[in-house]
Each structure stands twice: as C-alpha cells, then as structure tokens.
C-alpha cells in the first residue's frame, strides 16, 4: 500500500511538472513582450527594462523555468519592488495586482472552496439519493420524472440556470441577497446567503448527472446474484438496498465524484463569472484579460494540483476499497 | 427450432442446420445495433430532430433568403427610446418570430439559426479530430510495447490533468495574439480554428483511453491469434480484425463529445473568448442577455432554451446510441 | 526411416515476472522433446498449468521459444519471423479452446473461414465461396450458413467453424489446444469424433492438447504426459493406458471415472502442485509422489525407455501395483 502511494504520488508530481512546463512554454509563444502587459500604467522603456531584468525575463527560458521551480519548492529572491524574498511556495509577482501571486491565490481560494464543497455535499446527497430512490421502482412515475429532470439538468448551461435563479430569487422576489463572499467565520449566515444561489445552480446540474449515474449503477448492482441471496434470506427491501446494494454501487460513484470535485475546484469559472464571485476561476479569467502571466501560471498550477491530487486520492481509495485491484 | 441456435444433440455428426427462419439469419452485430436503435422511440424522435437541426443550420443562407432578414440587419425603428423592443415578449411578431435584441435591434431567430450553424460546425469538426487522433493513439499504444504505452499513458494523464476552461482561456487569446495584432480583425474562421484546436488537444485523451482499454482486451483474444496463425500480417490484424471491434468505443466517444463540445463552445463564448462579434453565437448571446435580465427576460430565455434543447436532443440521442451498442437492463446507462 | 514431419527438441519457455524485487522467472516449459511423423497423432495431457498450451503455441510459433528447436518439414522454424514465417504458416494450423473467443464477432462465418486463404493469397479453383462451402460441409455444417455471424451459433457449432478455418489451407499439421474443454460433454463426443475422422481421412498430423484422458485415448496413437513443464512419460496409446510406469500417469488414469486402467485403485496425491516459479529440485513431481525417495529430490530423472517406444522420467518406474 505504501509502495503504491509512493509510486502514484511520484507520477502525480511528474504530471504536475509537465503541466507547469507546458504552461510555461505556452506563454513564450507570445510574440508580445510579456512585460508590457504586466505593467500597464506609466511604464517607460527604462522602467520596462528594469522590470524585465528583475523578473529575469532577459535570461534563457530554461533558466527562468528553473528559477520558477526553485521558487515553488524553496522560495527565491525577487527584486526589492516585489518585496524581496518570496518564500515557498513562490508563484511569482503580479504587476497587475501589485502583490505576490501566492497572496492573490490565498485570498481567492477560500471563495472557490466555499462554492464547491458545500455544493458537492448537496449534489452528492441529492443525486445519489434520487438515483437510489429511482432504482427502487424502475419505470414508476418517480423514476420517469427523475430521469427527465436528470437529463434536463445535464443539458442545461450553468449560466442559464444561474441567470434564472438570480432573476427569480434576487431580483424578482428579493429573498436572497446579491451573491457575494463573506468568510464563514465572520458571519456564517451571510456566508451561506451570499453563496446559496451558486450552490443551488451547481447542485442542480451535478445532481442531475449523479442521479443518472447512481440509478444506472444501482440497477446494475441490484441485478447481481448476491442481492438475490439477500432478498431470498428475507431481508427487508430497505436493508437490501441500503446496506448491501449501496455499498457495492457506491465505489464507482465515489471515484467519479472525487474526480469531478477535483475538476470543479480547478474550474468553477463559469459559476464565478455568472454570480460575480471572485474565486480562483474568476481570477484566472481576469488575469487572461489583463495579460497577467504570473497569475495565470499560478492559477493553472493550483487548478491542476487539485485535479491531480483528486486522482491520487481516488486511486488510493479504490486500492483500499476494491480488493481486486491490489 | 429457431434458425441458428439449434440444439446440437438433435444433429447427427454430419447434420445440417435447418433453413433459417425469420430475420435473424445473417445479422451482423452492427445491423443488430442499428435495429435496436431504430426500435427505440426516443432515438427516432431525437434523431429526426437532429437531422432537422442539421439541415436548417447547413441551409442557413437559404433560410435567410426565405425569412427575408439577415443576422446583421438592425431594426432600430422597432426599439423604444431605452433600446428595448416594442411589443410583447421582446418584440415577437409575425415578422420577427423570436423578437429583437435590445440595443442593436437585430433579429433573434435568424441569429439563432446562424449560431446553430457555428456551434454544429465547430463541434462536429472538433469531434471528428478528437476521435481520429484518440483512436489512432489508443490503437497504437495498445499494440506497441510497454515502454511506449507508459509514455503515452503519462501524456494522457497530463492532458487529462489540465483544467479545461482555464487552459482554453489561456491558449485561445495567446493563439490569436500570435497571428494577429491587437487592432486586427480576427476572421471567424481563425476563431473557429483555435477553438477546434483547443478542444482536440484537450479532448483526444478521453477517446484514447477508451480505445486503448478495448484494444488491450481484444489483443489477447483468440481470434487475433487465429489471424496471426493463419499468416496475417500486422496491417491485416489492425484493419480487419481489431478496427471493426473498435467502432463501439469510438462511437460512444463521439456521442459523448459532440454535445460536450457544443456546450463548451457556448461556455467559452460566454466568457468572451470563443466566437466574437459580430458572428452570431449562442454563448455570447446568453452572456449579453444576462445584462438585460431584469428588463427583458425573454431575451435571456430564448437563446438559453434553444441551446438547452439542442444539447438535450444530442444527449438523448447519444444515450440511445450507447444503449443500442451495449444494451443494459434498466434503460439509461451511465454517462 | 520416414522423415518426421515435426521434431521438437528441448523446448523451453521462461517468462519473466514483472514488478518483483528479484528477477523471478516462470518456468512454463522446461525441456520438452517429441517428434511426429506425417499423418500421425499425438496427445499431450496434463493438469492446468503444466505448460501444454504453451507448447502448442510454440509449435505453431504464436510464441517464440526461449530455448530449444522446432523442426517442421525439415526446416528449423524456431526463430523465424516475418516473411519466411508467414510462408510456413499455411502448412501448420491451430484450433483454439474457447469457441466464443476464437471467432471475430464482426466477421461472418465465410469471412472467418476464408481468412487464411485471403491473407496467403490463395485462390482456390471455383472461388473462395465454394471452398468455404466445402469446408463447412466437411465439418458437418450447412454451407448456406456461411453468411451468418458467430453469435447465431452454439458453442459446438462455433468450434466446427474453427476447425473448418484450420483446414482451409490444407495444412499438414494441426495443433488442437483443448478443443473440447469448453463444450458440453455430449457435444464433446461429436467434435472429438469429427477430429478423429478428419485426421484419418485427410491424413493430417494432429497434436491434441487436453486434460481429459478419455478424449485423448479416443483420438491419439501416441500420448505424452506433462507435469510442471516437462514430459514425464511418453509412449504409444496401448503402452500408456495398459501399463503406465510413471506414478503421475497412474494417478491420472486412476482418477478417470470408470476408466479401464491397470490397478485402478485410487491414489491420493499429497499437497498442491508446485509453482512454476520455483519448480522443485530433482524430479518435479517428488513433492507429491507417494513413492518418493531421497534420491528424487536431488537428481532429475531423464526420460528414458525400457522397451518399445515408451519412455519414463522416473527413478522408480512402476511395473506393478502400488506398494
């Protein structure tokens, strides 16, 4: 088990390295001088040169990349204008935001986490619950209704759902405030109120997908022989479904959920843009519009980190849960 | 005794099968899947809807000629002084079937028709490229030795680890800036090209994984050995033995990719980096409409609903295709 | 002396096991030798894991031997590849065990059966379709069924199709790898009967791999018994079945329900078959042999014959009843 974790983590690190390399190289496709974009106001040629030198942009690409990596692992020294030493993990300095990228990310990450994690809990409970109920009586009215809702939910664009939710609950009915982020420890109710629409939108879409998945998985599990045995033993349907079938059906669901959550953490761009929340995704979009390279790099890396970590966790879980995989 | 599955016990050693009864004689797995699809009502309905959509989109100029209004025509005279369309429901009338855009006064219906064309063209080409590249890679990597398989597997991991939206957000403007200065007008074909490129580069990995899995399963099956023992070379084995058995995962991939690309293209346009003005596009239309959420909600609902219905039709049809290829008890299979 | 069609000398196949600390090796086949005159039939028996399928695959060069020699029609084909190997292939064919996996589900019967003809560029007089029809009739199927697909046939019928395919190029040697193990007992009899009559009528040499002695006995003139990668006894049918000398052969025969074996008192072999990763030293069978002596663990017995063509690899071959 330990050996598996070690090899798997090594692979993950390698993947991340390659991702960072690919992203890094992508920018050097830009014919445009990256510095100009980073220093939008009152920059004359002399200042540009100084900035370029401080950022190390006049050095060969490989050196820059290695310096960047070094910054991530042990920290490195930036120019005095950027605050001197940038401790690990150092993701560079953004001239657009006038702060180290890691500071920016540290600020916006909680927003994304606050959006995704509660929504994930919601969609898992709703989706899997609905899927299980559906599977109990295939072909019933409930089942057919839930299939329809699921299909609809999986086909709707998030921004449309978000827009409609805003229209109804915030503008027309006024019962929900305009979406904003308040740290939960400051004001839990405000935190929830500011995010509830985002949760609802995400939960609606994802629970639709998971309801379909859970239903299919449950139906497949229910047709297996060991369920027949459980029923033949005279166990109540609730026990058969709840204890026996669920445990078997849950594994693939958990793994897909893990992967989806990892991806979501890295990419709630549309949610954040629709609701005007300044999370990781929104920061990335803004950075792209501003040509703010270091921030773009930082967000891509963090997003990829989530995806890769989720993959490793899911693989490890599978390793533990499914004895056949060992 | 039905034709085909007769009981061997009833046949003497040199017996003959009874003449085939019914339609099961000579049914290849492919034609069986097709028959299952044709028997599925949902599939047929959605199939026809999709065909209609494709025809309308392909014949957009013809529709424009018949409808009489172009996508860029502005009808400022039919807007009030706030820029809102006169008339109920955002200006729906016999002349403007789905109303007018606030602000610019362009006809929504014809813009949706052209927007549909944009979405379908991009999604279809991206899907074709994705499954071709993915299938080729999956095939090769399943056949060639461990070392290549390991390397390609690592590349697939990286491709799947890249956060799709953020990478797309980064690459598309980068590509544009590489070839066009900040003041140049970027032709729609180039915009489409960069989108297709990004989709393909990030999307081939899923197909490759599916195909690779199937190739690994097939590689050790005895009919492949039989072909080799019969004297077949590698070309025959790939083209005539393996490939026909790979159509299923490839079709599954395509059926999943197409609606996903339609939605993704709309999403990217929504974020402002997909198809730009003035080319009509679903995503951008929705993005623009959100600004009029309180004043002209019909303008929000219409493109959103149309996009939703298109994606839904593709999803339903795709579900039916996957079901026909691999029937499972209980109806709608896993995604 | 007639030229042997097939001579196999000291065939060895070792597989390296991946992912272990030491370089562990699976000794699938560890020195197997036999020969086969044209038109003759040889049965290879043994339990699962004894290496008989590996031997079959090596003979038709689906697998490349790690050591040893295979001489077919006077030519050394042990390490042939590419063009020269493909030139030999039409003359040696194989029938597989699993009738559900040995036919491509997307190919019609006609396509499958004609495949060896097409890939070798053979154009029979009268056309391929007619030839396929002839082959199907030969194995007891209706020639009109050649446009149907494998899923429309039962296991026994599919196996017949596999046999038809193997006969397409008029090979001089057919290797049948457990051709009836996946079939119902009643069907087995038919397929075995078919193989036997085909072998005799067409004069094809046959190597029949299996674990069922009754089946082997019905078809094969000579029998080789394998255990853990080596042949422990080989001889004519009458020799093996009437006076088996190796304790393992005796145990196998005694285990056949209702067999007419000599001294059919059942013997219980001790323990589990050893692993091919670490075959026991000396005689491989000694860990399970009721007759073992200290010498058996130290010294590997050679396959030597006492009388006639029967040869046994045992230090204490049995000539009488169990002690």
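Letters are used for the chains, namely A, B and C, taken in the order the chains are written, and counting of residues starts over at 1 for each.
Note that a contact is a pair of C-beta atoms (placed from the backbone, for glycine too) under 8 Å apart; a residue touches a chain by one contact, two chains touch by 3 or more.
Predicted model, so just to flag it, every value in this text is computed and none were measured.
A.B. asks: By the contact definition above, name the pair with the higher C-beta contact count: A-B or B-C.
C.D. replies: If we tally the C-beta pairs in contact for A-B and B-C, the bigger total goes to A-B.
A.B. asks: Which chain is in the middle, if each chain's centre is the mean of its C-alpha atoms?
C.D. replies: B
A.B. asks: So how far apart, in whole Å, are chain A and chain C when each is placed at the average of its C-alpha atoms?
C.D. replies: Those two chain centres are 57 Å apart.
A.B. asks: Measure off the straight-line distance from the CA centroid of chain A to the CA centroid of chain B, and report it in whole Å.
C.D. replies: Computed value for the inter-centroid distance: 24 Å.
A.B. asks: State, to the nearest whole Å, the distance from the C-alpha centre of chain B to the C-alpha centre of chain C.
C.D. replies: Comparing mean C-alpha positions, chain C is 50 Å from chain B.
A.B. asks: In the complex of these two chains, what residues of chain B are touching chain A?
C.D. replies: 154, 157-158, 160-167, 169-171, 173-175, 177-178, 259, 263, 266-267, 270-273, 283, 286-287, 289-290, 293-294, 297, 300-301, 304, 307-308, 311-312, 315-316, 319, 328-335
A.B. asks: Taking the touch rule as given, give the residues of chain B at its contact with chain C in the complex, in rising order.
C.D. replies: Those in contact with chain C are residues 3-9, 11, 13-17, 19-20, 24-30, 221-223, 225-233, 236, 241, 244-245.
A.B. asks: Taking the complex as given, what residues does chain C use to touch chain B?
C.D. replies: My answer: residues 57, 60, 62, 86, 89-90, 93-94, 96-98, 101-108, 112, 115-116, 119-120, 140-142, 144-145, 147-149, 151-154, 156-157, 162, 165, 169, 184, 186-187, 190, 193-194.
A.B. asks: Tell me, which parts of chain A touch chain B in their complex?
C.D. replies: 11, 14-16, 18-19, 22-23, 26-27, 29-32, 135, 138, 147, 151-152, 154-160, 163-164, 166-167, 171, 209, 212-213, 215-217, 219-220, 223, 263, 266-267, 269-270, 273-274, 281, 284-285, 288-289, 296, 299-300, 303-304, 307-308, 311
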